[in-house]
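Before I ask anything, here is the structure I am working with.
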Amino acid sequence: MKPGERDIIIRTVCRLLVPFVQLFGLYVIMHGHSSPGGGFQGGAIIASSFILLAMGGGYDEVKRRFSLGALTATTSAGVLLYAGLGVVCLMLGANYLDYAALPVSDARSVGMLLIEIAVGITVTAAIISIFHDLVTFE
Amino acid sequence: MAGLADLIGQFNNVTYVVLMMIGFYAMTGKRNLVKKLVGMNIFQWSIILFVVSLSAKRDATIPIVLEGNNAGALPALEAAQYVNPLPQVLMLTAIVVGVAITGVALALLLRIYKRYGTLEEDQLLERIRLTG
Amino acid sequence: MRYLHLVVTTLTGLLLIMGSLGMPATGDPDSPPSSHVSPRYIEQGYKETAVPNMVTFVLADYRSFDTLGEVTVIFTGAMAVLLILRGARSEAEE
Amino acid sequence: MIWQLDLILLGLTVACALGAVQVRDLLTSVVLLSAFSLFMCLLWIEMGAVDVAFTEAAVGAGVTTVLFVVVVLKTERESQD
């Protein structure tokens, strides 16, 4: 076994666990309305699934799956989605971030779900980005 | 029994001060920069402990509305039944911001180690003086 | 001077303990933080927003500005790490 | 709130914090910090702050520890004090 290589059991178990961890993270984001959870927690769980992949398969495995530019763009996309929802409310004639103006039923609940998704995207991308920068620094 | 209840009520307040003293001691007294960062994290969590302690209430349940006991009608909610959600919200965001702060501090540590080759404060000061 | 930090730590701790003895006891339902604005959130929030989790609706609805600020702070943290570490690499390559 | 449980958990957090500050091996220090964070998480469940406890378990005990371990392994493991 070469120095940078992991045992096949660790590698396989980590790779098998990753989709379940990611699914649980999505569940936590989506179900934050009626149980403990939300964007911050779900984002951290999805980010830690990538960290698990890095621990199991070596960091090159993870780097093949996303580009750095896309990671930075995703970090900004979450903040822009959040601020953009506020601007949408402004255009519909209400105050900034006043979701009651959205033209759907249960508007405030739907607005909160969008906010949680935006927060989740930002937290996921930010934690992966920090982890990537710390690991690849020579 | 009033004396005992008062004493129990002050546990959290005293413990947050003790944890804060430990963190403050690590930040001022230890010379290793990673130790200082560990102290900073303990300090931060002691403040979070203090604020979350303000939200606790005796004989109250978690801040999620109990549904389904009478279908259709909205349950009448009493403030004394649920713990205070406001300090929890503020501290929820503070924890996640703490990770971002720790990340920036660790990045600075890596840069310092690359440039000076040490993380001990006294050796670091000496090398800074030597190289100018 | 060697034990100055211990003295400072002990003094700060004693002052804080003295100050915190006047705090409301933990678990007091009528303490000032629990009697000002949070009863309004607990009693009216579910009717107004149809979301059962109180932490979620205070976080994402009533205090949405606050959360926007926090998300911006996390974004800024990620960008700061990027500039500190990846900026160093391009500096070394030049 | 159960005050007996509260007292035990507060004692454990203080012990973990003292250990994390005093031990010389930095990797042990980081792992003790993670344990400290996990006891804090239990303390918050006991106080009824489930969302904060969830965040703490995911972020404080998970991600922070990984970041610290990465830095300790990339620099020195021994500390002078």
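Residue numbering begins at 1 within each chain, and the chains themselves are lettered A, B, C and D in the order written.
Heads up, the rule we're going with is that a contact is a pair of C-beta atoms (placed from the backbone, for glycine too) under 8 Å apart; a residue touches a chain by one contact, two chains touch by 3 or more.
Just so it is clear, the model here is predicted, and its values are computed rather than measured.
Chain pairs A-B and A-C differ in how many C-beta pairs are in contact, and the one with more is A-C. One inter-chain figure worth recording: chain A and chain B are separated by 23 Å, centre to centre, where each centre is the mean of the chain's CA atoms.
Distance between chain centres (mean CA atoms), chain A to chain C: 21 Å. Work out the mean CA point of chain C and of chain D, and you get 18 Å between them. Separation between the centroids of chain B and chain D, computed from CA atoms only, is 10 Å. Looking at chain C, one finds that residues 26-27, 52-53, 55-56, 59, 67, 74, 77-78, 81, 84-85, 88 touch two or more other chains.
With touch defined as above, residues shared between interfaces to two or more other chains in chain A number as follows: 34-36, 38, 40, 44, 123, 126-127, 130, 133-134, 137.
Multi-chain contact residues of chain D (touching two or more other chains): 1, 50-51, 55, 59, 63, 67, 70-71, 74.
Chain contacts in this assembly form a complete graph, since each chain touches every other chain. Those residues of chain D lying in contact with chain C across their complex are 1, 51.
Of all residues in chain C, those touching chain A in their complex are 48-53, 55-57, 59-61, 64-65, 67-68, 71-72, 74-75, 77-79, 81-82, 84-86, 88-89.
Residues 32-36, 38, 72, 75-76, 78-79, 82-83, 86, 96-97, 99, 106, 108-109, 111-112, 115-116, 118-119, 122-123, 125-127, 129-130, 133-134, 137-138 of chain A are the ones touching chain C in the complex.
Per the touch definition, chain A reaches chain B in the complex via residues 34-36, 38, 40, 44, 123, 126-127, 130, 133-134, 137.
Those residues of chain B lying in contact with chain D across their complex are 8, 11-12, 15, 18-19, 22-23, 25-26, 30-32, 34-35, 37-39, 41-42, 45, 48-49, 52-53, 55-58, 60-64, 83, 88, 91-92, 95-96, 98-99, 102-103, 106, 109-110, 113, 118-120.
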